[in-house]
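Okay, got some structures for you below.
Look for chain A in each of the two complexes below; its partner is chain B in the first and chain C in the second.
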Partner chain A sequence: MIVSLECKKLKRTGFKAAFFGGGILAAAVPALNMAFRSEAYLSMDAPPVKILLNANWQMMAMLNVLLIVAGACILYHIEYADHAIRKMRTLPFSESAVFFGKTAVLVSACILLLAIEAASIFGCSVHWFGPAAGLYREILKNFGFFLLLMLPAILLSLAAASVCRNMWTALGTGVVCVFAATMIPAQNFALSLFPFALPFRTFSDLSGSAARNYAIAGAAETVGAAALAILILKIRRSFE
Partner chain B sequence: MNIIETQNLTKTYGDFTAVSGISLHVPKGTVYGFLGPNGAGKSTTMKLFLGLTQPTGGSFVIDGKRFPGGRVQILKEVGSFIEAPAFYGNLTGEENLEIIRRILGLPRSSVADALELTGLTQHRRKLAKKYSIGMKQRLGLAGALIGRPPVLILDEPTNGLDPVGIHEIRSLIRSLPQQFGCTVFVSSHLLSEMELMADNIGILNHGRLLFEGTLDDLKSSAAAQGCPTGSLEDTFLAMIDADNRQRGGAR
Partner chain C sequence: MNFASLIGVEWGKLRRSKIFLILVLATVILWTPSVLNSELNFGMQAEGISPENNFFIQGFLAMTWFLFPAVMIVITVLQIQTERTDHGILKMLSLPVRTTKLCMAKFAVLVLFAAIQILMSVGTYYISAAVASHIQSYDFLLPPLFVFREAGMIWASSIPMLAVFWLLAVCIQTPIFSIGTGLASIVPSVLMINTKAWFAYPMAYPFFVITSEYGRLAANFSTAEIDLIPWLPTAALITAACLTVSCLRFGQAERR
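Moving on, here comes the complex of A and B:
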């Protein structure tokens, strides 16, 4: 119920268009890359999905995280712009329900985003490398991994957006975090656990144990971020 | 029976006391006018009722539910409109009310009913951010009236309305207790309106309750204090002035 309510609130904000357009844009990255430099990639000796993700994922992940930050800002901007949240606070349901409703909306939007991107990787793989056995599984594994590693960034962006009455503050903070994340060296495991850096990791590029470590970190950060968000909402409530 | 009752309700911000130990008694099925100069603490009291801000002392009961334990129960029974209207600018008036309706679990027809009550029916498909000030105010009122809750808390509901609107809202508020058994707790600076609308009156100054009772009680108590009794306005001004002078003298 709360999720469909949150969807209703998003009418005319351009939220859906942003994610759909963003998905198309990200999907175009591997296609264009292959179209112009296919010889370079076709000569590589590795599974197609791994080649494609290695070549394109940094760019695509960047788009994804920026969309997450912008989406979180839109989701809370509608509450603050005309003070709707003040009315919501006088209704019999909790602010954390609103928060997790918005989380569900943003996660769904990200699933849509990833689905468009997965379709593009699949298409590129079949078109340029030819059909291969186990392609579906490989793509599913990779994109499931991406989704898990996105969750902490989703929760933290929403928490930031819920704190900042002014959308630009939240947007600015988020963008700074994203750019900081792109500067983090991938070799340093501890640093690469920065929530906004996680979505840049690819499953097929990691060894089994490294992938497992990242998955555990992603899950732990998700739980931590959710707890932090609840705490923020509670504390703010008692200060007003 | 009192549907709202407070005991020594207090709210301080740092070392500033916005609401100072007030004990209000609002009988069920009446219109209660809450008066006081700017900064007297009217809005703060209303925010306390809704749990928008936490009391620093005292307690209150609304329809048998005590705060803070009964907060959610209280919110289910209270329709409120506090200070400025609050709405989703990207949604139409109708869509805004639809959101509130779904949260409260009210029947579908209650949206049309609230639009009709506040005279917004013909503007229901317009975006709320494109509404005029008076229309936004009406939308805020519709959000409070939707589902016709047993208790209404209205903070300066006629702010920004045209004379016709003021008259309509006043008649509406006046009719609510008889028609639906609602209790209305309303603040306003329009004293002549209050005189026509309220059964009981509470007067607040600097967070303290100066008077509580019916308009007739107010007249007799004012006469006893040597204040003018011609109109509510005269009495109000004289009482506030006397209280301010007393406070000044005490300092």
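Moving on, here comes the complex of A and C:
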């Protein structure tokens, strides 16, 4: 019920179109890269999915994280603009239910985003490298991993958006966090666990145990971020 | 009301917005890794750049590629949202001031914020260079004349980019599209500076200026030179076009 309500509120905000457009833009990155510089990549000796993700994922992940931050801002902006949140509070929903309704919407939007990107990686790999056995599995594994590592960033940017009455404060915080993530060296495991840096990691580039560590960290941070968000909402409710 | 007092009014609206907190946070995050990894500056013999130049240029590269344009987008959101909240724009439009003037005053404040952000980065650069000099016992400080010349170049080259961001903020009524288009336009600037058509992409200008400065300072690393001839006319044309359209469109949705 709450999710369908959230979807209804998003009409005319351009949310779905933005994610769809963002997905197309991100999907164009590997296609354009291969179209212009295919010789450089075709001569590499590695699985196609790994080559494609190594060459393009940083830019695609950047687009994804920026879309998550902007999407989270919009999801709460529609509540704060014209004091709609006051009406929401009179309804028989708890504020954390509203928060998780919004999370569900943002996660589904990210699944759409990743599906478009996965289709593009699949298309590029079949078109330029030829069909290969186990391609589906490889792509599914990689994109499942991406989705898991995106969850902490999704929850935290929504938590920031729920705290900030003004959209630009949440956006500014998100942008600074994304920038901090780009400054973090990938070799440093402890620092690369920063929630906004996780979506830049790729499954195919990590060894089995490192990938498992990142997956555990992603799951743990998701639970932590959800708990933090509930706590923030509860504290704020008691002061208002 | 003259233009200067209009800028004063626009500035006053943003004074209590706590935007400075975000600017300070951003510059601190920008320079902290440079101080922590200051020993890496000594391993740049292959590029042929001196440690103090490398310290300076790496920080400003990180700033111009993402942080500076992204923070400018946040400021355009701030300016537009401050007017839209509680329909403040309606009161502004009812004043005996031409909308063109109002629009240009807001743009002037945006340009002013760009200068503030760059100056804050320069200030933090000097603090962090002093700290790094103390840690490494090596003088990382560069002469102010050189640093301010670079800062001035970044600022001047960012004006066309700011005009594009302002156009996006004014013309696109749906916030997610104006933010999304702006942020998405920053990402390809890394690719654009390596193409021959870099001068047609305003979002890449500040980054291009610093990259080409890097090539000038590093003896063994060549980057594209700045060609003033296709660049300056194109940049002037883009700026003029963006500002004209945004002045024409400013407040149009509210006046309907």
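A few remarks follow.
Just so we're on the same page, the second predicted complex is superposed on the first by the 240 of 240 C-alpha atoms of A that agree within 3 Å, B and C clash if a C-alpha of one lies under 4 Å from a C-alpha of the other, contacts with A are read in each partner's own complex, and residues count from 1 in each chain.
Just so it is clear, contacts are C-beta pairs under 8 Å (C-beta built on N, C-alpha and C of every residue); 3 or more make two chains touch, one makes a residue touch a chain.
All figures in this text were calculated on a predicted structure; none of them were measured in a lab.
After superposition onto chain A, the partners chain B and chain C occupy separate space and fit alongside each other. Ranked by how many residues of chain A each touches, chain B and chain C are led by C. With both structures placed on the common chain, the touch criterion links A:104 to neither chain B nor chain C.
Looking at the shared chain after the overlay, A:180 reaches chain C, while chain B stays out of its contact range.
Of the two partner chains placed by superposition, only chain C is touched by A:167; chain B is not.
By the touch criterion defined above, A:70 reaches chain C but does not reach chain B. Once chain A of one complex is fitted onto chain A of the other, the partner contacts of A:135 are absent, as it touches neither chain B nor chain C.
In the superposition on chain A, A:13 contacts both chain B and chain C.
Shared-chain residue A:89: touches chain B; no touch with chain C.
Taking the C-alpha centre of chain A as the apex, the lines running to the C-alpha centres of chain B and chain C meet at 90 degrees, rounded to a multiple of 10. Between chain B and chain C the least C-alpha distance in the superposed model amounts to 10 Å. In the superposition on chain A, the residues of chain A touched by chain B in one structure and by chain C in the other are 13, 81. Per the touch definition, chain A reaches chain B in the complex via residues 1, 5, 8-9, 11-13, 78, 81-93, 238, 240. For chain C in complex with chain A, the touching residues are 17-19, 22, 25-26, 29-30, 33, 62, 66-67, 70-71, 73-75, 77-78, 81, 84-85, 174-177, 179-180, 183-184, 187-188, 190.
Partner chain C is touched in their complex by these residues of chain A: 13-15, 17-18, 21-22, 25, 59, 62-63, 66-67, 70-71, 73-74, 77, 81, 166-169, 171-173, 175-176, 178-180, 182-183. Chain B makes touch with chain A in their complex at residues 50, 52-54, 72-73, 75-76, 78, 80, 82, 84-91, 95-96, 98-100, 102-104, 127-129, 140, 143.
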